[in-house]
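Both complexes below contain chain A, partnered by chain B and then by chain C.
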Partner chain A sequence: MTQAATERRVGWGLVAPALIWTVAFFVVPFAAMLALSFARMEGRAVVAAFDLGNYVRFFTEWPLFKALLNSLEITAVVTVVSVALAYPLAAIIAFRVPVRWQRLALLLAVLPFWTSYVVRSYSWLLVLGQNGVLNKTLLGVGLIAEPLEIAATRTATVIGFVHFFVMLLTLTIYANLVQLSPNYARAARDLGAGPVQVFRFVILPLTLPGVVTGAFVTFVLCMGDYITPQILGGNNELTLPQLIMLQLGRSGNFPLASALSVILMAVITLAYVLSARWLRLDRV
Partner chain B sequence: MKRLVWVYLCAAYAFIFLPVIVLVVFSFQDGRLPVPPFQGVSLQWYAKVLGDRDLMAALFNSALMAAVSSAVALTLGFLAAHGLARSVLPGSVWLRGLLIAPMTVSYLIIALGLLTVFNQTGVRLSLWTAGVGHVVINLPLCFAICYAAMGDHQKAAERAARDLGASEVQVLWLVSAPMLAPALLAAFFLSVTFSWDEFIIAFLLTRFEVTLPVEIWSMLRSGLSPATNAVGSLVFLVSVVAVVLAEVFVFRRRA
Partner chain C sequence: MAFEKKRTNPDMEMMMAFRLLGCSVLAVMAASPVLAQELNALVWCDHADAALVAPFEEKFGVKVNLKEYEGTAAGMAILDQSQPGDWDVLVIDAVDVGRAVDAGKLAPMPADQLPTADFFPELVMAENNTRDGVTYAVTEKFGYNTIAYDKTKVDPADMADMATLTSGKYDGRIAIYDYYLPVLGLLAMGQGIATADITADNLAALREPLFALKKASKQVADVVAAQTALATGEVDIMVGGGEWVTAVLAADNPNLDWTIPKQGGLRWAQSIGIVAGTTQPDLALEFVKYIVSPEGQAKLATSACYWGMPANAKTGDVLTPEQKTVLRWDEQSEFLTRAQLYPIPDAALDTAMQDLWTEMLQQ
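Now for the complex of A and B:
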């Protein structure tokens, strides 16, 4: 056997375990789910078929399609609000906080990341609930007469999500801002640009790829999350993941759950294609 | 303008810390509900939580699964990265893409796919079926970190070892792994973090031996309780200590 052939055989041997694992537990399950999405439910039994019924149901039954719209609306609001809040925070830490304190400031800004994910949503429930800290405080100082109904609404879901993604985006945007050479801003100022112009025409365009990447990650994680809407939003307005879990739990309708998952996957893929121009996934 | 900047900074930190502060404060509540008014300091909920056998079992399960699934993911990822870095394989771009692919898919979808397969093949759900799922989500991460860390310098050292008669196993164990130690450590640490806190895969793919996030989830269903605050605060404390230690001993030294 030649040297190159031996090399290649060893190479394959090293890659094989990971490859087999990925095919067996990722590719095959995904294919199985895709196949199942074309199956039919007869009573409580799953009947294998090639049936577009589940997809037709999704596009024709309003409560199902509404779940996708709810998810998209929530995700859009969360993404925009999180970027809008995180950008100034990252900029203040990068440009106003003294360099020797920046690492600490950043560490503090993401500290609540380290609470458990389930617990973080629960904590917001304690803040926003009918008898929660927010209502008790506002009632106490007399700003409101009746407790606000925030828990179990879309607002609560959005607040919970924004809290998480502000931390994530502050981290990514900060990383982008400190990479910029101060010479760009200096040059713009020398040429007569005011602070607003420096930001609008120099800083913002240079950090845009990082912002879009962060926004994309926000979109993917937000679209696919079950915990936050379930704990904070309740069951009034279902998101797509909540609807999927409902199909699995109450009715055991695996084919419909599979079809909904395929649709979720398609939406995320579409978002990727649309934002691919600006994405720098290798530079997160 | 200058004052506005500091007001914004303080407001942002207040927003970020609000839920954590509420969580920790009301874990000491001397009463049955973790909402105002605060009725006094008590450690009863911590005592209750630490004496809860289900919760401690879940804690142990989480730690075990995080350690084992991360070790498997790291081993597979490291070997694959080594294989792809050292020899030119046909279609290696596609191979890399395939190995990274699970990173771009929602955990819910990965869990549902595995559940479908386990149901169809009659595999009984257990801690290990969820562990399989955790390897799937962490393998791309470990692979990507190891692959990015392998440079020409490393390849030269490996070639030298081979020329001097080292077997492939010796090259891996005595040259590659020690040279990549920081990357391997980082990958393992990240995997453990993700696996430890992961909910949806653990929820759908376990049945009786649940993990900590799933156990906390079932605590939530019986309503608000300072016991949940106590668990949450403990998990937070442990994580923060781990992060601070990592910061001081691993990252500070390099900087």
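Now for the complex of A and C:
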């Protein structure tokens, strides 16, 4: 056996575990889910078929399609608000906090990740509720006369999400900011740029890859989240993951649940393609 | 240089990799404990209370593995995806026992070994738990889906009439239990339709009352969310609630109460049976017998997840007076006459009901 052939074998041997893992736990389940999405229900039994009925139902029945719109609206708001809050926070940590305190600041930033997701959501309920900490404080200082209705609304869902994703985005944006050479800003200032222009034309474009990467991760996690809207949203509207859970838990309609999951994956894939294209990942 | 040196003998490298893999597999196998006898039960959350299963585990020297599920469809899906023998015991909505029997999921049980003679007569539910004279399940716990409320914030007299809920007086203070069967059943009774008489044709009559109720409500809540909402004062009324919501909170919040309005209420009941294909039917039967014994029933009735009335009337000898007060033991005869069973829809009606429910959620 030639050395090249042996090296190829070693290469395949090293890649094989990851490849087998991916095929077994992603490709095969996804193919099964895709196949199931074309099946149909007859009574309470799943019947194998090639039927587009589940997809037709999704696009023609308003309560189902609205779940996608709800997910997209919530995700869009969460992503924009999270980026708007995370960027200055990351900038403060990167440029204003002394280097020796930056690690502690980042540690504090990721502290919420250490608690259970469900517990964190219920905690927010106690903060945002009619008799919650927020309302009691605002009533106590006389800023409001009646308690604010925040819990069990979309606003509560957005707050719960933003709390989580600001931390995530802060990390990705911070990583970009600290890698940025200060010479760029110096050069811009030497050429007469003011602080706003330095940020607008130098720092922001150079940190956009971190922002877009973080925004994409936020998009994926937010679109697929079931817990937060279920607990904080009061189940007053359905997002796509909630609709999927409804089909699985109550209806046992696995074909429709599969079709909805395929649609969810398609939306996320589209988001990835757009963000990758924007980041010009093909050039990397 | 070290990299180059390693590359000179790839065959040996591969051999080492395989040896390492083999050692890892052997290590994992060696680390696996010898399994003691185990009983696998697919249950509702009230069975997950350690105080309930511990006496059985101790008596029989077995480990009871509990997996919680919610909704018959989810439970049936788990059984569909399992191998025969994976599960020994199943807890299921009493009205869905027939569905599980049709699907071949439940094994016959010896009726003479079950204490159904001690049960509240309405809770034997032979029409649900037996098929052609063969017993497939036995009722273990029951209660009501009616109206739960905080009596310090709501006029109890108002709760005697379901129409008050959509009168505007309590707008934004209501939670709806997130389960279409009891809530649609309640609304049907409000429209003068018996739960057993709901059909695809008269389902449309429930649309307007359901949407009106959603408009008046603050949230649609599952068990935990409902308890949280009532406990924190987020809502004052829960439609579809009952002792299963208020009893577990009674110690901390004695102001929570429930009633059956004049239109009537729904009676929920859960049954327990042996899963077809179990490899240890005798042990599974012992578990069922323990659960429906007065001792097991008392622990199940006062489970940490939710309380409910025991099916076995002799449990009254085991429960404390305080527990019986919370469960409203002495009022059961009246409640039982005023409550109807859950609707038992066929597949088509079930789909129509769920579509209506989904539409309501998106309002």
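Just so it is clear, the second predicted complex is superposed on the first by the 254 of 284 C-alpha atoms of A that agree within 3 Å, B and C clash if a C-alpha of one lies under 4 Å from a C-alpha of the other, contacts with A are read in each partner's own complex, and residues count from 1 in each chain.
The rule is simple: a residue touches a chain if its C-beta (ideal position, glycine included) is under 8 Å from a C-beta of that chain, and two chains touch if they have at least 3 such contacts.
All figures in this text were calculated on a predicted structure; none of them were measured in a lab.
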item	value
Combined model on chain A: chain C and chain B, fit or clash	clash
Per-residue contact with chain A, leading partner among chain C and chain B	B
Partner chain(s) touched by A:Q179 [first = chain B, second = chain C, both, neither]	neither
Partner chain(s) touched by A:E7 [first = chain B, second = chain C, both, neither]	both
Which of chain B and chain C A:Q197 touches, first, second, both or neither	neither
Touched partner set for A:L64, first chain B, second chain C, both or neither	second
Chain B versus chain C as contact partner of A:L111, first or second or both or neither	first
First (chain B), second (chain C), both or neither touched by A:N235	second
Which superposed partner A:L243 touches (first chain B, second chain C, both, neither)	second
Which of chain B and chain C A:F254 touches, first, second, both or neither	both
Superposed model, chain B segment overlapping chain C, candidates 153-161, 189-197 or 243-251	153-161
Footprint overlap on chain A, where chain B in one structure and chain C in the other make contact	7, 10, 13, 122, 125-126, 129, 131-132, 231, 248, 254
Chain B partner contacts - residues on chain A that touch it in the complex	7-8, 10-15, 17-19, 21-23, 25-30, 32-33, 36, 85, 88-89, 92-93, 96-97, 107-109, 111-112, 114-120, 122-127, 129, 131-133, 136-137, 163, 166-167, 220, 223-224, 226-227, 231, 241, 244-245, 248, 254, 257-258, 261, 264-265, 268, 272
Chain B residues within the chain A interface of the complex	5, 8-9, 12-13, 15-20, 22-23, 26, 33-37, 75-77, 79-80, 82-84, 86-89, 95, 98-99, 101-102, 104-110, 112-117, 119-120, 132-133, 135-136, 139, 143, 168, 197, 199-200, 204, 212-213, 216-217, 220, 224, 228-229, 231-232, 235-236, 239-240, 243, 247
Sites on chain C touched by chain A in the complex	7, 10-11, 13-14, 17, 70-74, 76-77, 99, 172, 178-180, 218-222, 225, 228-229, 232-234, 346-348, 350-351, 354-355, 358-359, 361-362
Chain C-touching residues of chain A, taken from the complex the two chains share	3, 6-7, 9-10, 13, 41, 43-44, 61-64, 66-67, 122, 125-126, 129-132, 149, 151-152, 230-231, 234-238, 243, 246, 248-254
